[in-house]
Amino acid sequence: MKEDKHKDIKKIPLGILGATGSVGQKFIELLQDHPFFEIRALAASQRSAGKTYRDAVNWFQKSPLSDTFAEMIVSDCKPDLPCKIVFSGLDADVAGPIERSFANAGYYVISNAKNHRMEDNVPLLIAEVNPEHLALIEKQKSSGKIICNPNCSSIGLIMALKPLQDAFGIEQVSIVTMQALSGAGYPGISSLDIIDNVIPYIKGEEEKIETETLKVLGSYKGERIQYADYSISAQCNRVAVIDGHTASVSVKLKKPCSKAELIAAWQGFRSQPWELGLPSAPEKPIYYFEEAAYPQPKLHRDLGKGMSLSIGHLRKCSVLDYKFTILSHNTIRGAAGGAILNAELLVKKGYLDEK
Amino acid sequence: MKEDKHKDIKKIPLGILGATGSVGQKFIELLQDHPFFEIRALAASQRSAGKTYRDAVNWFQKSPLSDTFAEMIVSDCKPDLPCKIVFSGLDADVAGPIERSFANAGYYVISNAKNHRMEDNVPLLIAEVNPEHLALIEKQKSSGKIICNPNCSSIGLIMALKPLQDAFGIEQVSIVTMQALSGAGYPGISSLDIIDNVIPYIKGEEEKIETETLKVLGSYKGERIQYADYSISAQCNRVAVIDGHTASVSVKLKKPCSKAELIAAWQGFRSQPWELGLPSAPEKPIYYFEEAAYPQPKLHRDLGKGMSLSIGHLRKCSVLDYKFTILSHNTIRGAAGGAILNAELLVKKGYLDEK
Amino acid sequence: MKEDKHKDIKKIPLGILGATGSVGQKFIELLQDHPFFEIRALAASQRSAGKTYRDAVNWFQKSPLSDTFAEMIVSDCKPDLPCKIVFSGLDADVAGPIERSFANAGYYVISNAKNHRMEDNVPLLIAEVNPEHLALIEKQKSSGKIICNPNCSSIGLIMALKPLQDAFGIEQVSIVTMQALSGAGYPGISSLDIIDNVIPYIKGEEEKIETETLKVLGSYKGERIQYADYSISAQCNRVAVIDGHTASVSVKLKKPCSKAELIAAWQGFRSQPWELGLPSAPEKPIYYFEEAAYPQPKLHRDLGKGMSLSIGHLRKCSVLDYKFTILSHNTIRGAAGGAILNAELLVKKGYLDEK
Amino acid sequence: MKEDKHKDIKKIPLGILGATGSVGQKFIELLQDHPFFEIRALAASQRSAGKTYRDAVNWFQKSPLSDTFAEMIVSDCKPDLPCKIVFSGLDADVAGPIERSFANAGYYVISNAKNHRMEDNVPLLIAEVNPEHLALIEKQKSSGKIICNPNCSSIGLIMALKPLQDAFGIEQVSIVTMQALSGAGYPGISSLDIIDNVIPYIKGEEEKIETETLKVLGSYKGERIQYADYSISAQCNRVAVIDGHTASVSVKLKKPCSKAELIAAWQGFRSQPWELGLPSAPEKPIYYFEEAAYPQPKLHRDLGKGMSLSIGHLRKCSVLDYKFTILSHNTIRGAAGGAILNAELLVKKGYLDEK
């Protein structure tokens, strides 16, 4: 955090929708001392509304719950919260209409849910990858706006592909994921199902990777998103890892290029969010490791405070062109942290300035 | 086991090379009541030679070590064992010359080590897949012969590809493995390296899959093995599973075919070993599961007493043609059990008959 | 199984209450080829009633579900099932009145639930330990009878204490358990809560061990159970083990005795169920291991087909007299298997004979 | 860290013995920005000596190895290092004579090894518990001095007992540990031995707990340590946890006391190291949790930067008086961190002042 730069910013009040869930808790953990934002409302289902947050939540983050939030009274998820921006960690089965109602009422909705991701005028945003897509919100008809981040398993792939697409063009992508347990929420996967086991299936996950990636990596020139036009094939597996999605990736590129050029593309990746001084932006969005056995979730998931992508072991592929391993932290970069960075970009671009 | 059929066979004496190691132990466990074979010699390194097996071994199989074997005195790995066939569970760093010395001395060497696998006149054998390759041993110049089985991670892939290659032809194969800990031997992988982790690298493993597969699936018409001519790309990962290698596979086929036709090819796969009544041959060499989340190592690795391949969740691939999950037991089908089945085929084909 | 002895027994029809739960599934798995019993009814909650068992259950046992049971229509848990004996794997929150209603209607209820365990006239039965308590059912007023087995964590302790109590008398017992995940049912413990963790608490478990043990080990002379009169202190922990409860135990005995005498007491333990030829009785109810690092759940939980207790590493205790480790399979010996053995004893004692 | 207070201290040069091992690595990780000390020499076995540290070490700490240390040339473990204090992470099989040779040559040796722990004039030191024992070094005849910290599994128990001993007196202690994998070093425990398993034995561990505890909690009035005089019984188990030793403890006290009084004793525990401003001293050396399921290694091992003890779920014991759960970080508080705190105390007490 580079807080000094932000000393004179008046903090923006925010609310958290789905505050008791696992993404909601992560939002609170990451936002508790944020230089831009101040949590003013915690909203959850009717079952929780009216209770103190302490009583409503089964807090299972590592850092203890501070008394400030513990004593807050949980609100209903209704658009009468004392803030102008809300972070949504709502489950997909309720997120759609609730987020829409907030947008209609004039709130900026920073959502981690899948419901509005593929809508034409909703930016599917990774702040380092497609910051220009943010302007898409101006096409949203509602007074408030919705901004989504991609699925946790798409984000790592997209960050790895972005520099390659820019430098060489992409023709085909094949990805096999080994995803962490925290990606399934809490309680999520039963211990009886995953200790000494692999589950070779995650519902809806392959489709998300295959479509979201092309939207984020699509081009936007003020009209509409022109999706990237190559094919992606994903196979998703669940493994006995707490945090950190690992994946084996192969790519076929449009231009011939050397291994050194690929690595240079990744290592030279410049991040607008870092240059803008956004507090959650990692200085190095991509780490490349030459070690064959790297990256590993246990060793590298926390790089860049969980916001950096790790890539390793680039080598020739005899079916496509190159293959390599990627790793990203699914609940930070792949969920709450990525959403917060999107909100920071929104602020920096002036969208929340009083007019 | 269909022992009754074999009642009148006089048992063939055998020796085990590398008897104290993990593959050696598995050989003993699987061979202790075998209808064809009788263990007469346990051989290991000089450190163990001269001790009782009980004192030399750190037995960690589930079934207790029987007194018969516990009391045997461990021999040196020298070709003066009281048998004509030896099973080699030796480590690759010593297996080469020892196995060769046994072959030169007239022994049949059934090897699980990699050293001689790719030699021109050595059959790389999966009894259900390429039994005709066994005849290759007649080209070996030594009085004894060497027969190898492929690497534990290659075997599942080869069994899955065989029916597809026969029915449709294959153009390209991409495989990402999630391999079990027992594949690294004992003590093998440190618990500190794999709990809450994935290791995206196994030394030499990708090369083995990419080359061995093409030899086993090559054609043999009495001359030399004509390797299969398509390209295979492998990425190998280690996961926190005790037994059972899982893999995500994609294939591009020569002929267009429907999902139903692929499944029919697998389910119609006829196994010569089963028809010959070989004791270790599973009745169903391939199980296909329509359930999206199947197969799983914990649930399916023991099918066919650990000798069957499980396949699941066949679906279209947007880069190659089809994708699916495979699973096989790495220490049974992928090592000791596969080698024993090869030896049974050798016996049934009459190679060990007294002349 | 010693089925031949039982060839001429006409099989007794039975029903399973709570057939879709984890204990219910284990009952089906263990009873599918039972020489005494034949499953005629599968009963579960109203949500499942009317469906085929295949549709109602999420079957997660290792052995595949046979078609015979898969096609059975699930009944309501009402006492109109076509059998005279029912096995109850019901959850404690519903078991009480349902089991009572079956007993009132004339059924023999073999229960794994806690609800009726501590009632005066209900035998809390471990067939090898207190078979004489079975006669207590004659004091039950209902036409049917209820027989309970103790909690999964109590059973191992009780089996270990029985020979010591008989030979030396017991003064104090201290036990710290490390219990398996399957003891919490399915889905039970979240993977996020137990990988890389220990949970030092299991609700109600310490009280069960401290009280049930004294009832089972109490004396019965035709009047009422005279509880054993020593004190037991239990501390219960959950660890990342699939099956098999391990515990560190210390005991203070009434008579001085040597280490050899204790081991002799365990190894000399005679089991009435085995002598009666009960099919589920293990030949050796207790295994003693001198190895300091034994027993271990992964290596020893399946001894005696999961029905034997393992004890190891007996040594002096500087606070009480002796300390040692025990291990028993919690879903076989500690639940379904123990209940079935109780039912076998009931049959052998003639209680189910037609009158 | 409260570094500001220490700004004007000239840093003391130090060496690390056994720098490539797991404790040695942890020393480097924790000492890299230390306000009192500066690493000047990394010493290891002859196999490593002469190489850069980068080449000699298999670094597996979470924080990346800094270039400063990576480029240092590893020295032999001979007493000609450019420093006056050495931290020893040597293995017990070599630590004895090496540490002695350094002490003889005038070095202060801060040791984590067991070899000299029980010697009469060697303080077995936990800075919060028995700081007065440090004066014992004045009785050592060598110009240099040896200071040991207790075994990782003893430390948590000792910290929990100290306030109880002071307030109520102790008569008997029973402890059953569930110890983490990192306590066995690296590679340590094979994954095949501990996934889905418990190992109920750790060599020498029970004896260490039963004796070291009594020395640390003994009294010292300038003569010799008078050992505490109660009996302790320990049973040690290894479980599948990466870091953090959990234990179930029972105690019998000399004075009757209420649950509230015990908790007050723990929560009122004043720490001299914190009051002295020692940089590694946790503000709260003991956390007490009323929650029945606390503490847990995954949630609480990092409290106080890994230097605090967690205690939970105090309740009556029917054999001794009270029972509870304790947890401490075995590689920080129980090894490198505890040793560093001891060295900080040594500095603050003036022993390293130039004379």
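Going in written order, the chains are labelled A, B, C and D, and every chain counts its residues from 1.
Basically, a contact is a pair of C-beta atoms (placed from the backbone, for glycine too) under 8 Å apart; a residue touches a chain by one contact, two chains touch by 3 or more.
Since the model is a prediction, treat every value here as computed from it, not as a measurement.
Trainee: Between subunit B and subunit C, which partner chains are common?
Mentor: A, D
Trainee: What chain is the most remote from subunit B, judged by the mean position of CA atoms in each chain?
Mentor: Centroid comparison gives D as the farthest chain from subunit B.
Trainee: How far is the middle of subunit B from the middle of subunit D, if each middle is the mean of its Cα atoms, in Å?
Mentor: 48
Trainee: How many angstrom between the C-alpha centroids of subunit D and subunit C?
Mentor: 43
Trainee: Calculate how many whole Å lie between the centre of subunit A and the centre of subunit D, each centre taken as the average of the chain's C-alpha atoms.
Mentor: Chain centres of subunit A and subunit D, defined by C-alpha means, are spaced 40 Å apart.
Trainee: Considering subunit A alone, which of its residues make contact with at least two other chains?
Mentor: Within subunit A, the residues that touch at least two other chains are 60, 195-196, 240, 242, 299.
Trainee: Can you tell me which positions in subunit A touch subunit C when the two form their complex?
Mentor: Subunit A reaches subunit C through residues 60, 181-182, 186-196, 240, 242.
Trainee: Which part of subunit B faces subunit C closely enough to touch in the complex?
Mentor: Result: residues 60, 62, 195-196, 299, 302 of subunit B touch subunit C.
Trainee: Quick check: in the complex, which residue numbers of subunit A touch subunit B?
Mentor: Touch residues, subunit A against subunit B: 172-174, 176, 178, 195-201, 203, 210, 231-233, 235, 237, 239-242, 246, 248, 250, 292-299, 312-313, 317-320, 323, 325.
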